[in-house]
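Look at the two complexes coming up: chain A is in both, with chain B in one and chain C in the other.
Entry: the complex of A and B
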C-alpha cells in the first residue's frame, strides 16, 4: 500500500513540476479550443469573432514553443522525456512544435482573408484545425508507440472532417469519404503492427525497443527466426500507416482526390503540416533501430534501402501524374506527392548512413547533414507550398475557378499574386536562387554521400535528379498561362488587390527568396538540431 | 484446468485482422468498409490484451487497448457523419459511385 502511495506522489510530482510546463504549447492550444466553444454558447460573448481567439491561441503557442526552443539551445533545460516517458522534449520535437504553430498562425490568417469558414461554422472549423495541429505536435514529440498512434489519429480524424467541410458540394463529400476510408484502413493496419511490435519486444517505449530487439535477435537464430520475421512484418505495417500520412507510393491515392475536393486552404494545411509531423515521427521511429547490435542495425539499414526505393518511385509517380492535370489543386497534390518523395530520400539516406557499415568517410557527420536537409526542405516547403495554395484560394475567390486554363493572362490583372506564384513555382522546381534549390542540393548531396555505403542509393540519386528536371515542364504551365497567354475576352476579371491578400502573399513568398540567398544561418541551426538528436541516441 | 498459452488468442486476433482487411478491400458499401476497419482495430486490441497478460508489456497493453477503444469510437463517429454527408449528396453509399474525382 505504501508503495503505491509513494508511487502516486512521485507521479504527481513529475507531472505537475516538469511535464505540464513542457507541454505548455499544446495546453494553450487545447485551452483555445475550449474557449472558442464556450464563447459560442455563452450569451454576450458569442459576438467575439472566433478567428481572433484562434489566432491569439496560435500566437501564444508559438511564443511558448520559441521560448522552450531557446532555453533548450542554451542548455538551460536539458532534453528529457516527460509524462512518464510518453513524450520526448528535445530540440527536434520543440522545433517542429514551433514550426507547426507558425504554420497554424499563417493558415488561420489565410482563412480570415479568404473567409472560407463562414461566421456560423468558424468555431467548428478552427476547433478541427487546432485539434489536428495538436495531434501533429504530439506526433513530432512521440517517444512511445501509444503516443505515435494517438498522434496519427488525432491528426487524421479532424482532417477527415475538414476535407468534407464545404457543405452541399458533391466533390467535397466524395473526397472526405475516400480520405476517411483509406485513412481508417491505414490506421488499422498500423495499429496491428504496433500491437505486434509492442507485444514481441515487451515495451512500447521507442528508445527501449532497440535494446530489446538486440536481445531477441541474439537469443534466436538471427534474422531468419520466426519472431524476428514477425517483428520485421510489424515494422512494415507501422510504415504503412506513416506512408499513408506522407502520401508515399503506393499509399498516395487519397491525396489528389482529397485535395481536389477540399478547400485550397485546407489542402495547403494538410500538405505541409501533416507531412512535417509525420516526417519527425518517421525519423524518430527509424532511429529507434539504432543499437550496438549489428543485427538490429541491419534491420534499420534495410528499412533505409527500402525507403530509398519507395522515395524514388514516389517522386517519379508524382511527377508523371502531375503532367496531365488541368485542375491546379490536383496538380499541386501530385507535386506534394513528388516532394514527399524527395524528403523521403533524406530519411532513407539518414538510415543508410546511420546504420550502414562504416566506410572511410565520416558517416555520422553525414547522417547529421541528412536531418539538416530534411528540416531545411520542410521549412522552405512551408512557405512555397502554403504560398501556392494561398494564391490559388485568393484567385478562386474572384474567378470562382481552379482550372489552369482559367488563369490565362492573369499577370496583367493581379501582378502581385502572379509574382508570388512565380517565386513559389521556381522554388518548387528548385531553381537558384530560391530556397527550394538549396533544399534539394542539401538532400541530394546527402544521398550522394550515402552512395558510398550502398549502390542502390545511386538509383535514388538518379531518380531525384531526373525528376527535378522533369517537374519543370508541368510547373511552367502555370506560369505560361499567367504570363504568356492573353486574357480571353469575357473572362471574369480579377480586381488588383494589394491589400490585404497581396501583402500576405508577399509575406509568405519573400522568405523563400531569403532562405535561398542566405541559407547559412538556418542550416547551422538545423545542423545543431540534428547533432543534438543523434548525440542523444549515442551516434 | 489446463493453462492456455497466448497462441489461441493471437490466432483469433489474426483471423479478425485478415477478415477486416478482406472486408475493407472487397466491400463496395461505405459502411461495410468501416465495419472492416472496426474488425482490424479490435484484432489489434485483442493482441494488446493478450500481450499484457503473457509478456513484460504488462499493464501498458491494457492501457493501449483502452485508448484504442476510445479512438475507434471517435473515428467511427466522424466516419459515419461523413458517410451520411456523402449519402445526402449522392443518394447512395456505394464507394464506387463516387467518381467525380479522377485523373
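Entry: the complex of A and C
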C-alpha cells in the first residue's frame, strides 16, 4: 500500500513539477480550443470573432515553444523525457513544436484573409485545425510507441473532418471518405506493428528498444533468423503508418483526391504540417535501431536502403503523375508526393550512414548533415508550399477556379501574387538563389556521402537529380500560364492584388529568397539540433 | 575605385539599374529604355576600367576577392579575373550594350523586358568573374530564369516550345554539373573535414595529382563536359539552339549567340579541363571528334536552311566546333604521358579563345542584320529575298562585311581563330585536321550562297516592300552594324591585342594541365591499374 502511495506521489510530483511545464505549448493550444467552444455557447461572448482567439492561442504557443527552445540551446534546461518517458523534450522536438505553431499562425492568418470558414463554422474549423496541430506536436516529441500511435491518430482524425469541411461539395465528401478509409487501414497496420515490437521487446519506450532488441537477437543472426524477420516485419508495418502520413509511394493514393477535394488552405496545411510531424517521428524511430548489436544495426541499415528505394520511387512517381494534371491543387498534391520523396532521401541516407559500417568515413558528421538537410528542407518547404497554396486560394476567391488554364495571363492583373508564385515555383524546382536549392543541395550531398556505404544510394542520387529536371516541366506550366499566355477576353479579372493578400504572400515568399541567399544562420541552428539529437542517442 | 571593388560593381550594376526601373511609370517607355541603356553603358565603362588594371605579364588570377559567404560549408563570394576571363567579360558588356541598343524593336511589356535583360547581364558577368564553384553555379542558374521569360514572352510563334526546350536542356546539364561539384567538394578534403569550392585550390590540387583519383576525374569530366557541351553547343546536344535562337527576339538572339554560348567554352577551359586533367586527356580524342563533327554537321545543316535566322543559328554550331577542337588537341606520348608538341596545343587553346571572341562579335552582328530586315519585311524566308542591295545599299554593305567576317575571310576576325585551331589540329591528327579544314569550304558555301540569294539578283519584290522603301536603315541601326563591323576588322588585323591578354594565362593553364596529367598518372598509375587494385582490395 505504501509503495503505491509513494508511486502516486512521485507521479504527481513529476507531472506537476516538470511535465506540465514542458507541455505548456500544447496546453495553451488545448486551452484555446476550450475557450473557442465556450465563447460560442456563452451569450454575449459569441460576438468575439473566433479567429482572433485562435490566432492568439497560436501566438502564445509559439512564444512558449520559442522560449523553451532558447533555454534548451543555452543549456538552461537539459533535454529530458517527461510524462514518465512518454514524450521527449529535446531540441528536435521543440524545434518542430515551434515550427508547427508558426505554421499554425500563418495558416490561421491565411484563412482570415480568404474567409474560408464562415462565421458559424469558424469555431469548428479552428478546433479541428488546432487539434490536429497538437497531434503533430505530440508526434514530433513522441518517445514511446504508444505516443507515436496517439500522435498519428490525433493528427489524422481532425484532418479527415477538415478535408470534408466544404460540406456542400460532393468531391469534398468523397475525398474525406477516401482519406478516412485509407487512414484507418494504415493506422490498423501500424498498430499491429507496434504491438509486435512491444511484444518482442517488452517495452514501448523507443530509447530502450535498441538495447532490448540487442538482447533478444543473437550477435551473428542474419536476415534468415526468425526474430530478425519479425523485427523487420514489425518495423515495416510501423513504416506503413508513417508512409501514409507522408504520402510515400505506394501509400499516396489518398493525397491527390484529398487535396483536390479540400480547400486550398487545408491542403496547404496538411501538406506541410503533417510532413513535419511525421518526419520528426520517422527520424526518431529510425534512430531507435541504433545499437551496439550488429544484427540490430543491420535491420536499421536495411530500412535505410529500403527507404532509399521508396524515396526514389516516390519522387519519380509524384513528378511523372504531375505532368497530366490540369487542376493546380492536384498538381501540387503530386508535387507534395515528389517532395516527400526528396525528404525521405535524407532519412534514408541518415539510416544508411548511421547503421552502416564503413571504415574511414566520418559517419557521425555525415549523419548530422542528413538531419540538417531534412530540417532545412522542411523549413523552406513551409514557406514555398504554403506560399503556393495561399496564392491558389487567394486567386480562387476572385476567379472561382483552380484550373491552370484559367490562370492565363494573370501576371498583368495581379503582378504581386504571380511574382510570389514565381518564387515558390522556382524554389520547388530547386533553382538558386531560392531556398529550395540550398535544401536540395544539402540533402543531395548527404545522399552522395551515403553512396560510399552502399551502391544503391547512387541510384537514389541519380533519381533525385533526374527528378529535378522532370519537375521543371510541369511547374513551369503554372508560370507559362501566368506570364506567357494572354488573358482571354471576358475572363474574370482579379481586382485587388497588393493589399492584404499580396502583403501576406510577400511575407511568406520573400523568406524563400532569404533562405537561399543567406542560409548560414539557419544551417548553424539546424546543425546544432542534429548534433544534440545524435549525442543524446549516444552515437 | 580599386579593381577588387570594381568587379562587384560590374556584376551588380545591372541589377541596381533593374531595381531603378521599378520606379518608372509603365507608360514611360522611352525614359526606361534610356535608363537601361545607361545601365549597360555604365557597366561597359566599368569593364573597360577593369581592363586597364589588368597586367598581361601576370599569368595568375588578378585582384582576387574572397569574402566568406556560407562559412560552415567553406563557400565564398570569390571573384577575380585573368587573361582568359577578362576578354569574355569585355565581350559580355559590349554585346549587352549593343543588344540593348537593338532593343528598341521591342514594343510589348517594355518594363518587364528591360528588368529581365538587366538581370540576365548580372548573371552572365557573374559567371565569368566568379572563382568559387558554388558561386559560379548560382550565377549559371540565375541566368536561366530571365532567359526563359525573355524567349517565352517576347519570342516568335513557337516561343513557348523553344523556351522550355532551352530551359530543360540547360537544367539537365547543370544538374550533372551539380553532382560533379559534390564530387570535387567531398574529394578535396580528407574525411571529416570541410571540402572546398575554391576553383583555384581545386585546380592546384588537380595539378598535384594525388588528390583526385583517375576514376573520379573521368567520371567528373564526363558530367562537367555534358553540362558545358549543352551550352556550347556541341553536336549531339545542339538541338535546343536552332529553336531558341530562331524564336528569341533579335536582341536576345544576339546575347544568346554572343555570350551564352561562350559560357560553355569558358566552363570547359576554366573548370572541366583544369579540375580533371586526367579525364580530359582520357577523352581528348572523343572531344576532338565531337568538335570536328560539330563543324561539319553545323555547316551542312546551315546549307540546308531556308530560314535566314536558322541558317545563322546553325553557323554558330559550326563555329563553336572550332572552339572545342582547339581546346582538345592534347596529344601525349604513350611512354611518359608528357604532351607532344605542347606549343601547338597552346596555339589551339589561344585560337579557341580567339574564336570565342570573334564569334562573339560576328555572330550577334549577323543576328542583328537578320533582325533589321525581319523588322521591315516580317518574314525570314531566304527564297523570297533577293536584290536587297539595290534598295538598302548601306545595310547590304554592312551585312556583306559582317558575313565575310563570319566566313573567316583573311583580315577579318573569323580567320585568325579558325587558322590557329586547324593548324594545331594537324599536330593531333592529320585526318581530323583535313576534315576540319574542309569545314571552311562548307562555311564559305553557305555564306556566299546566302549572300547571293538575299542581297544580289533582281530587285526585291516580296512582301512589305513599302516598309523597306520608307526606312532603309535608321541611324541607330547603322551605328550598331558599323560598330560590329569595325571590331570584326580590327581584331582581324590586330589579333595580338587578344593574344597579349590571353597568352600568359593560357601558357600557365596548358603547363598546369600537362603536369597535372603526368602527376596523376605517375602517382596513381592511371585508370586501369587503379581498377585492378580496387578489385584486389
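One rule holds for everything that comes next: the second predicted complex is superposed on the first by the 534 of 539 C-alpha atoms of A that agree within 3 Å, B and C clash if a C-alpha of one lies under 4 Å from a C-alpha of the other, contacts with A are read in each partner's own complex, and residues count from 1 in each chain.
The working rule: contacts are C-beta pairs under 8 Å (C-beta built on N, C-alpha and C of every residue); 3 or more make two chains touch, one makes a residue touch a chain.
Quick caveat, the model's predicted, so the values are computed rather than measured.
With both structures placed on the common chain, the touch criterion links A:119 to neither chain B nor chain C. Once the two complexes are overlaid on the shared chain, A:472 sits against chain C while remaining clear of chain B.
Looking at the superposition, the partner that touches the larger set of chain A residues, chain B or chain C, turns out to be B. By the touch criterion stated above, A:441 is placed in contact with chain C alone, chain B being left untouched.
When the shared chain is aligned, chain B comes close enough to touch A:260, but chain C does not. Once the two complexes are laid over each other on the shared chain, residue contacts for A:229 go to neither chain B nor chain C. Applying the stated contact rule after C-alpha superposition, one finds that A:71 touches neither chain B nor chain C.
Shared-chain residue A:203: touches chain B; no touch with chain C. Across the complex, chain A is touched by residues 13, 17, 20-21, 24, 30, 33-34, 36-37, 40-41, 43-45, 47-48, 50-51, 55-57, 60-61, 63-64, 67-68, 71, 74-75, 78-79, 81-83, 85-86, 88-90, 95, 98, 100-103 of chain B. Residues of chain C touching chain A in their complex: 69-73, 137-138, 141-142, 144-145, 148-149, 152-153, 159-160, 163-164, 167-168, 171-172, 175-176, 178-179, 182-183, 185-186, 191-192. Contact residues of chain A toward chain B in the complex are 145-146, 149-150, 153, 156-157, 160-161, 164, 168-171, 173-178, 180-181, 184-185, 187-189, 191-192, 194-196, 198-200, 202-204, 256-257, 260-261, 324-327, 330.
Of all residues in chain A, those touching chain C in their complex are 360-362, 365, 426, 431-433, 437, 441, 444-445, 448-449, 461, 465-466, 468-469, 472-473, 476, 480, 483-484, 519-520, 523-524, 527.
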